[in-house]
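The following blocks contain the structures, represented as structure tokens.
One chain, chain A, appears in both complexes that follow, with chain B as partner in the first and chain C in the second.
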Partner chain A sequence: MGRYLGRKLLIYLLTFFFAVTIDWLIPRLMPGNPVDTMIARMALRADVAEVLRSYYIRAFQLDLPLWQQYLNFWIALFRGDLGVSTWLFPQPVIAVIYRAVPYDLLLLLPAILLSWIAGNQVGAMAARVRWLDNTILPLGYILTATPYMWLALLLAWALGHVAGLFPIAGAYSFNIRPHLSWLFIQDLLWHWFLPFTSLFLVMFGGWAIGMRNMIIYELEADYSRYLEALGAPQRLIRKYAFRNAMLPQITGLALQLGAIVAGALATEIVFAYPGTGYLILQAVQNQDYFLLQGCFLFIITGVLLANFIIDIIYALVDPRTRLGMTGE
Partner chain B sequence: MRAGIRHEFLYFALRNAKLRVGLSILLLFIVAALIGPLFARYDPNAYVGPPAHPPSPEYWFGTTTFGQDVYSQFAHGLRSTFVVGLIGGGIGTLLGILIGLVAGYRGGLLDEILNMFTNIVLILPTLAVLIIIAAYLTVRGILVESIFIGCTAWPWAARAIRAQTFSLRAREFVDLARMSGRSSLKIMLTEIAPNMMSYLFMTFILQFGGAILNAATLDFIGLGPTQGMSLGLMMNNAVLWAALQLGMWWWLIPPGAAITAIVGALYVMNVGLDEVFNPKLREL
Partner chain C sequence: MGLRVENLRVYYRTLRGYVRALEGATFSVADGEIMGLAGESGCGKTTLGHSLIYLKPPMTYIEGRVFLDGREVPIWDMKRMNEFRFRRISIIPQYAMNALNPTRKIGRMIAELLAAHNVDFNEILPELKRRLDLVQLSHDVLNMYPIELSGGMRQRVVMVISTLLNPSLLIADEITSALDVSTQKAVCEMIVEFRNRGFVRSTIFITHDISILYQIADTIAVMYAGQMAEKAPTEVILRSPRHPYTRMLIASLPRVGARYRQERLHGIPGAPPRLLDPPPGCRFRDRCPVAFERCQETPPFVEVEPGHFIACWREI
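Presenting the complex of A and B:
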């Protein structure tokens, strides 16, 4: 198990290194440079623009040799210095992101866990109940094909605008300040419901289809047939099938994380929910490159951490990896 | 013999309800994308009518907050959706085939390196990378967007094709081809690839759908094409200009509905094709 996790950890470290390099490289690789864009927007006199330009180049240390810029980038990163947001000047990027994290977790963790559990249960049920299979399967395909933001828009329009049951913007009402009271928590949950539901539904479709297919595959496997021949009760056979089908679903969760996070970003934008997605939208609209790069690193780190946690769970659940019988 | 096999596929393909349904929906939208813009009377970005006008005989899908014709935007957006799917999905599939085949067939150190690289790109959240690339491009077109989407979408395809190649590589006919002194490239292209043609085709379909969804999300975040129109961009504008608060459903609903229908049709088609190609799954 140690070897398995060590190998995984190596890949994650390499990925992190790769991601940070991309983050550093892309602004320097792309045509046109941000300093020129920034100065062009200010529409200054030519001589003033030139002074400001040289000031910016020194301030961003763009006059240093490339390798030194790269090294400084890493050093700043380990100090937790991601630069200063130009949109919310002079707040540091890390503080802006830090404020968004609770909302991301509030939305993502319950949506991922509950949809995964519910999808697995319903998918396993669909594999043995004909009418359920006939409804879940088409529904599941429609749900997985739905862009996250569209389902969010649909729910916001139907339940928020037309029916007027739920608010369609923000994480809490404007007339309430975040504090610990029953009133605030109620308000928070009321605003949380629609974004959560739309994320939950899109993910649910994928998990249900995956589980249904895996269970059908497992019920055809030799060990199921053997148990059946021995006269084991159907319930026992299904229990074994479910346990085996669970492993690919855990791997699937790790593989889907990137897409799920992307979906959450889009959902947050629809509901103006103050998480990272909303930050990215603001950063794009205000051309706040530091904030954008900070969000990028934050997402990468989050996804890598989650991946590693899933790997540990996988190793604990699968007896083969636990005993070191398989490499990957 | 070959004609016979093709005949058999066609027979099962025509009998497969999932394939029929998926293909019909897809064809419907392809036709709409091809001839739809011809019926559009206005430029998708021109301000032509009264603002926030619901659907009417004059403006079939209504107008936006600024009085742009939603139907023209929709018809042009549909076209770019297929362009992104075709180019992005195509590049993703080709890269996946190339890397998967080489890694699987060559094995050894090259495989280790390629596999490591595949795993790294696989874990990276595609959209985050696309966001950072797109943000630094001041002028963005649909073509460039598709290319970047294709370049980040290949890893799962490469991994699956590598596994398939592994199992095919040890077969007798590949050994025989190797003994006859054929070059590796020829063996890969003429012995191994044709034997997983059905699989490669299904990979392309999934990549096609994935590219469309990725493009929609990227456009929705506001990093879509700066010139031209796309379905994701329509949704982005709708949200930014308060279509939700004003209840302009004619602006909100059509773009996402089209994406859902196209991608859903592709997925259903894929399941149908699986049943057609794989004799074990056929229902007689």
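Presenting the complex of A and C:
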């Protein structure tokens, strides 16, 4: 168990290193630079603009050779310094992301966990109830093939625009200040419903189909047939099948996390939900290297951390991994 | 008392029609008898074994009755059979090495299976341990996962589980097929030992290896293309078989000491008929050297001497 986790940890650290390097590199490969965008926004006289420009270039250390910028970036990272946002100058990137993170968690955690749990339960039921199988299976295939963004647009149009049941932008109404009261929580949930639903539905389809197929496979497995031949009740056989079918679903969750987060970003953009996805869009449009870097760093860390947690859970529920006999 | 099977007919439902895998089997297995069930692949021996405990689609019950210890066994009813399974009729499956749930500790799996049959695990635990000793397994296996055991150990665990409730009938389905000869011997000895100690009363030992049956079986039943060909005490089948198929089958066995460089091994020319659309009458007719007109009709399975049954028009 210790060796297993140690090896996993090493792999994750390596992944982190490469991911962060790419994260640092990509904004710098974009045409243009953040200072020009910032200066252009200020609409200054040409000579003043030039002075300010050279000042900012030095302030953001964009005049240093790339390798030195890269080194400085790592040093600052270890100090917990992600730089200053050029878009929201002079706010530090950390503070900007810190404001957005609660909304990401509010959206992602329930959507991922609830869709996974509900998908597994419904999928397992579909494996033994004919009418459910005939409805859930095609529905699941359609849902899981739907791009997150498209379903989000569809829901925003149908339930928000046409039916007028839900707001289609923001995390709370403009006339309310965030504070702890029933009024605010109600408003928050009301705004949260559509983005959550669009994420939930797409993921739900995938999990339900996966679980249905796995259960059918497990019920045909030799251990199921043996139990059946020895007159074990269906309840026990299904319990075993469900438990074993969960294992690939856990792996699937780990594999899907990246795609889910990407989908969530698109969803946040559609609903102008003030999470990281929305920040990324703004950062790209404003050539804000530092904010873009910070957002991706946050996502990388989140996904890797979640994967690591899933690895631990997997080792706990599957004795084959725990006993180190699968050559993992 | 033992087992009595009357005119059992079990087909497989397929898209192209019924595959007539078991056609009117009639035989009995006495208390304490180990009956070897031999025949080539696809002759219906596994179908026969499974239909007695676990007749699941695409297997389809057509007709026939089964009595165990004088009580009728409702083999066509999956639900009512649960009361017979494990307690009265048990099976060691062909896939015994993979028959255990990979993510449950063996002891816990046994406990859960027993609980489903209203048997208290702790009450039976001493007996379970004695039987593990008998098959030379440590008591620790109860606290292990199947993956921690070798294939042979897993098979022995399954043998112990299957016979734990002292069933009247044990079906051992090709349990020696995937084993090396020394393990085969050990497994066979266990089957005999289980019978001698009264863990099981009657045993049907399904195999295609007649030489194994010679070691352990009291009687041998030979099947051909879904029909019973001959059943007799082991010595009789091997020394003086009377059905033409059995005779050719026994004659084709390699003899100890014979040099096959000079004398080629003999097989039976031809191939068994397709069971989707078998010819009427005796199914061995086309390959039989002594076939005559009467063989167009299906021969009955009759007792020509005490304990010796044959389905052949030439012999009755």
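Throughout what follows, the second predicted complex is superposed on the first by the 275 of 328 C-alpha atoms of A that agree within 3 Å, B and C clash if a C-alpha of one lies under 4 Å from a C-alpha of the other, contacts with A are read in each partner's own complex, and residues count from 1 in each chain.
Following the convention adopted for this analysis, a residue touches a chain if its C-beta (ideal position, glycine included) is under 8 Å from a C-beta of that chain, and two chains touch if they have at least 3 such contacts.
Predicted model only: the values in this text are computed from it and were never measured.
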Check your understanding: Should the superposition on chain A be reported as showing a clash between chain B and chain C, or a fit?
Key -> fit
Exercise for review: Report for A:149: first if it touches chain B alone, second if chain C alone, otherwise both or neither.
Suggested key: first
Point to revise | chain A residues touched by each partner, larger count belonging to chain B or chain C | key: B
Practice item. Answer with first, second, both or neither: which of chain B and chain C does A:240 touch in the superposed model? Key: second
Review point. After superposition on the shared chain, which partner residues are touched by A:265: those of chain B (first), chain C (second), both, or neither?
Key: first
**Study point:** Partner chain(s) touched by A:49 [first = chain B, second = chain C, both, neither]
**Key:** neither
Practice item. In the overlay, answer first, second, both or neither for which of chain B and chain C A:225 touches. Key: second
Exercise for review: Using the touch definition from the top, say if A:26 reaches chain B (first), chain C (second), both or neither.
Suggested key: first
Point to revise | Following superposition on chain A: angle at chain A, chain B versus chain C, Cα, nearest 10° | key: 70
Review point. Touch check for A:38: first (chain B), second (chain C), both, or neither?
Key: neither
Practice item. In the overlaid three-chain picture, find the nearest pair of C-alpha atoms across chain B and chain C and give that distance in Å. Key: 6
Study note, to complete from the structure: Touching chain B in the complex, chain A uses residues 11-12, 14-15, 18-19, 22-23, 26-27, 30-32, 34, 37, 141-142, 144-151, 153-154, 156-157, 160-162, 168-169, 255, 257-259, 261-263, 265-266, 269-270, 277, 280-281, 283-285, 289, 292-293, 295-296, 299-300, 303-304, 307
Practice item. Spell out the residues on chain C that touch chain A in their complex, using ranges where they run on. Key: 53-54, 56, 81-87, 90-91, 93, 95, 98-104, 112-113, 116-117, 145, 147-148, 158, 161-162
Check your understanding: Inside the complex, what are the residues of chain A that reach chain C?
Key -> 221-223, 225-233, 236, 240, 243-244, 247, 317-320, 323, 325
Practice item. Mind listing the chain B positions that touch chain A in their complex? Key: 116, 119-120, 122-129, 131-133, 135-138, 156, 209, 213-214, 216-217, 220-223, 232, 235, 238-239, 244-245, 247, 249, 252-253, 255-257, 259-261, 263-264, 266-268, 271
